[in-house]
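Listed after this line are the structures, all set down as structure tokens.
Two complexes come next, and they have one chain in common, chain A, joined by chain B in the first and chain C in the second.
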Partner chain A sequence: MNRLNRRTVLQGAGASAALIAAPGLVRAQAAPVKIGILQPVTGALAQDGEYGRLGAEIALNEINAAGGIKSMGGAALQMVFGDARSSPEGGTAEVERMQAEGVAGIVGGFASPIVLAASQAASRYDIPYVVDVGVSDQIVNRGLKNTFRFGPGFGTVTSTALENLSKLNDAAGKPAKTVVIVHEDGLFGSGMAKLLNERLPQRGFEVMETIAHPTPSRDMSNVALRIRALNPDLVIPSSYYAEFVLLARTMQQQRIRPKGVYAILNGAASNFRFVKEFPDAANLVMDCNHWADPRKPRTAQVRALAEKDGRFWLYNTPLNYSCVKLLADAIERAGSADRAKVTEALANSNFADHIMPYGPTKFVNGQNTGAAPVNTQVQNGDIKVIFPTEFADAKAVFPAA
Partner chain B sequence: MKDKTLLLIAIVTLALALLPLGFESNVVLNFLAFAMIITLAAQGWNVLGGFGGQFSFGHAAFFGTGAYGMALLQVRFGVNAWLAMPIAIALGAAVGYAIGFLSFRARLRGSYFALVTLAFAEVFRISANVWSFTGGAAGVLVPLKLDPWNMQFADKRLGYWLALALVALVLLITHRLRESRFGAQLIAIRENEDAARALGADALAVKLKAIALSGGITAAAGSLYTQKFLYLDATLAYGPWISVEALLAPIIGGIGTIFGPLLGAFLLLGLGEVTKTFFANLLGGARPGADLVVFGVLLILCVAFAPRGVLGLLARLRGRGA
Partner chain C sequence: MLKLDIFLSALANGLMTGAVYALIALGLTLVYGVLHIINFAHGAMLTAAMFAVFICHAWLGIDPYLAVFILTPLFFGLGYAIQRLVISPASHGDDSNILLVTLGLSIIIENGLLMGFRSDTRSIDVPYGFSVIEIGNLFLSTPKVIAFVAAFVVAGLLGLLLVRTDTGKAIRAVAKERTGAALSGIDVEHIYAVTFGIGAACLAIAACLLMPTFLVNPRAGNAFVLVAFTIVVLGGMGSIGGALIGGLIIGVVESLSGLYFGESLGQIGIFLIFILVLLFRPTGLFGAKA
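This part shows the complex of A and B:
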């Protein structure tokens, strides 16, 4: 047996110290590039904001560990974090602070109202703004040159969801004919309900009733009882986390078992917290939402990092991870932190090193045209991809029971 | 006495107007402009709640009407922003009059009046959230066109000065109100409505005038909010957050005083900013939420030890010293 002696330990320590210090020495020559990360980490949207921040942190650490921005002499990326406080005013105030700190770009926002106000505030200083989630299609229809949305918008998600719902139903021999829509009464739930009411009848579904509920809601018994009375084949819920969890649990307690629960952009249906905490209520719930590409090896690595401290795997993390990498790639290609150059580099981006199932980015009027949602289903305590078929890792269980 | 207050208004306005000349920071400017909007909303509340003793929990109804009025007049009807603002203010006053008419005529007082105003604000919020004219839940977006003609200023100081001018105007109005016959009747109603009525004050008419004035002032705050953020949805315009801000600022600053809402708004928002920055520096990075805890504790202390607001506390200390 080789025994460690003092000399080998010292040699080893010296060598590792040199290794660790070396990139630091190179990097010390270049001034760091500041990146604004804007997330709502207090207030109603705190959970989403926290997971968004996590994704951004993982990306920044990874980029810096790999030697920073090479075209700028290995400049490190430095995070300037801003808490948007779940409100547009909060977001705007933080954009002003980021401007004062001289950021080269901003990533985040999460909710559409925050994104609308913050990207507008950023446009006054020509700060490139990469939207992480914000699905409202008003965000990219305003003609702001600084605003880029990496993920899919509302219209794309709904079309895909309906397309896949038809496929699912046809493949199973059309067991579902009647639908009840449950939605939160804010921007995304109401918009979704309106679109669904227009388009579901065209695809041969009958909408029996559309039930709106406010956010927050503390009791879903009435909604559940109404669903029981109507006895639809399908329930389509569009709600935030807490309300959908409540609805799913109430339905489970009351033994309301439709042939399928098909959520769209739901806050809980593809959230591992829900799946782990209430496995029975969550089982077989389907969702059409943002989801990381399971084919890419990096996805598993990012997920391992994200879950390291007992956290859950939510779509916010891979989306923000990818958005920060997208911005970093633009800075790399621009070779400068100059905002106009970074904006131009973003506009011409064909970045492919992200972990979303989108292919290389291509922005048209600030919208990434390749962005698309994924259909998932909770199956025995895991979240499986059921559409698109190219990388599905499970077959949909439909109708349930 | 009269001239002293006028002089004080002039000094405060001038000092606030000169503030942005001393520095370049847009962070501070953004804070100042937002503080002015909250001040205006709070001044509106103070006219009815402070001088009239009618505690409203639903000033969001007026704020939101001003905000939506401003946005929809521009977006749907193509009205110029400078013309839209007085119309929005008039709409706010009209909504105030209508709510006042319905609740004061029914002799609602105290907590009943507070609850009714809260309910009205919620009705407005839910209606705005479903009505396609107001953009429904998707809200309205005022196009960004930086031009003084559109009341959108490339130089943020201009936006701030506009808000400050309105605040100064309301300071003058409040001062006039306190000196006037109408103001005396309003205060008499606050102290004892039955006695005031017995002495010949038309309580309903006085209260209606007060709530219309209050609604108009708060609507002005809403219209400035629209021009600053250029985006509105039902929760932003009619949500309970603004009802609370409009009521907290005068309570903290000094209820029923001329400068109370201004002082209160600065203390409330300033405290939030200072604790946020302080904690970020102290803990070496953003530690979200910690500042809110401190903010809450300070607020409790403030209400516990200065029930008549900071101005009331100052007056009490001065009285003790003399």
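This part shows the complex of A and C:
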């Protein structure tokens, strides 16, 4: 055999040298900590899931670049990604896989039905679960010890939204009296519509009609026609992205111009893609939703990273960025990937290094009590904050017509 | 009670949406009539065509209505090639295999699009996207009126093709009796591929007509396919006229039941028709007796 030439010998020597040097490296590099990131990146909710994953990735890269988990010898965080396939079953299947891979915690879920199922599945293995969006209040009302919601639920969002709506309406001399509610017919939209139907009359608004529609919808013309027939002062839509875009376009086409479109937790009304693509249909649409804190310097940095390759700035990204950092902080303080310890650290956390407009976290029964939404309005191709007044960068334009 | 103009708007809207449904169903019914298979990749191919329209407009600056003349031959070629090079060799002449191959194709196309375009919902903004034709109190969306007319033109041309041309006669011959057609010297494989190509071309036209008012993401086509299946069953498997009438009926039923029972319940109307047709007239409105 003449295989043993100079090159082979050199390679062998190099490999041995690497081996001799390696033990030092191995000792310095602690075993990585696995974190489950669960998002629907295929199916009807894929767009939201994609932007959620983006936020999680930015956070993980940042943490690892800054030296990983210091209390665990600089252990790196390793992402175990799971595609929830836009369904609760998809979510639970991925939780099972994450359990098999030995994750220290899970972040994400996005839609309420996925979050409900996935956090329940995670609770069987005591895996700490940080909810990124999942606004249905059932999520934190089940007494699950492992589930923590960083953002506000729709109860809080609706209260804030109605309070701000009253402020707006009063300041303008009460031009709006009648309301039509448009909502997607899933857990999130229906729950929201029910809540609005209870609370709007208390504030002196008359709900003329509540219109439900499925996701996905091929056509929103009928909804627009009903609105045209009823001619309300206000339209309150709670839908995902594609359906609201269709509705807004059809309303523009059918020349339906209510005094205000006041969205609550809408998938498009505070989405830069919608604003860029249909500036006329989007103009003056208001939304009460999750929104990153423009006062925090890190917000601009994360936004620059998110927009780097032609993507848009959606609330999913800052929320997931913040949730991953919240979980990392808990692991840091627990000094271990042990699930019980991480859960305890989450429950006692007062984490402030996030980019949402909340103070330090304080969890009561799994809900971050400081979490609050922001009111935005599309004004001339930009999304402006109109409430809360502490960091609003524009005055609301109301009534619109 | 709703005012008359709202009812008329919903009716007109149903007819216009139904015409596009019919166009999508045309391809499906033709492929069924000739190849005797349900093309499960129909929805994914529609999505692909919609992305092609999006690319033409966003990257090349070609108007969707001009893109028709580029994409229709392109998709005919693609459809031809898919049948000739993928479906036919992979099925080994067994119909149930064809079914599985088209199902596989749909998964590949959908996920390929997901890989290439991510899951973002995209739409195109054309100058006439918001223009309307006013008839009294009715505002008819111009792109939808164009789609309505175009669907009839396409169905008419397709009918002429089947009746008047040699290829059309060959297609009908293969549909009726494939062995007999082969014995008379018709290249059955070629006719299969031509039929599949026509189906794909219909989708390209439908996509060009849809995009000015609709949007696209990697699953957008699926929303139309279930409706298209219903139309094919309602109109009669393999019937061009049936697909057209069926499409209009489904469009109107969907629109009116959506208006009166709400969007969520409105979908029930479509599937009630589906079940009733299967129960009482399994061959469909215009289907030949089995």
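Points worth noting:
Note that the second predicted complex is superposed on the first by the 373 of 401 C-alpha atoms of A that agree within 3 Å, B and C clash if a C-alpha of one lies under 4 Å from a C-alpha of the other, contacts with A are read in each partner's own complex, and residues count from 1 in each chain.
Operating definition for what follows: a residue touches a chain if its C-beta (ideal position, glycine included) is under 8 Å from a C-beta of that chain, and two chains touch if they have at least 3 such contacts.
All of these numbers come straight from a predicted model, not from anything done at the bench.
Applying the stated clash criterion after superposition on chain A shows that chain B and chain C collide.
In the superposition on chain A, A:Gln120 makes contact with chain B only, not with chain C.
Once the two complexes are overlaid on the shared chain, A:Val41 sits against chain B and chain C alike. Shared-chain residue A:Asn231: touches no atom of chain B or chain C.
By the document's definition of touching, of the two partners only chain B reaches A:Leu187; chain C does not.
When both complexes are overlaid on chain A, the residue A:His213 reaches chain C alone and has no touch with chain B. Contacts of A:Gln252 after superposition: chain C is touched, whereas chain B is not reached. Shared-chain residue A:Asn222: touches chain C; no touch with chain B. Shared-chain residue A:Phe278: touches chain C; no touch with chain B.
Once the two complexes are overlaid on the shared chain, A:Gln301 sits clear of chain B and of chain C alike. Aligning on the C-alpha atoms of chain A brings chain C into conflict with chain B at a single listed stretch, 94-102, out of 94-102, 166-174 or 256-264.
Put simply, chain A uses residues 41-42, 46, 185 to touch chain B in one complex and chain C in the other.
Listed in rising order, the residues of chain C touching chain A in the complex are 2-3, 6, 9-10, 13, 17, 111, 114, 118-121, 123, 125, 129-130, 132, 139, 141, 213-215, 217-220, 223-224, 227, 254-255, 258-259, 262-264, 266-267.
Of all residues in chain B, those touching chain A in their complex are 25-27, 29-31, 34, 126, 129-130, 136-139, 141, 143-144, 146, 154, 229-231, 233, 235-236, 241, 276, 285-286, 288-289, 292.
Listing the residues of chain A that touch chain B in their complex gives 41-42, 46, 81-83, 87-89, 92-93, 96-97, 99-100, 113, 116-117, 120, 123-124, 136, 138, 142, 144, 185-191. By the touch rule above, chain A contacts chain C in their complex via residues 41-44, 46-47, 49-50, 185, 211-214, 216-223, 225-226, 228-229, 241-242, 245-246, 249, 252-255, 273, 277-278, 280-281.
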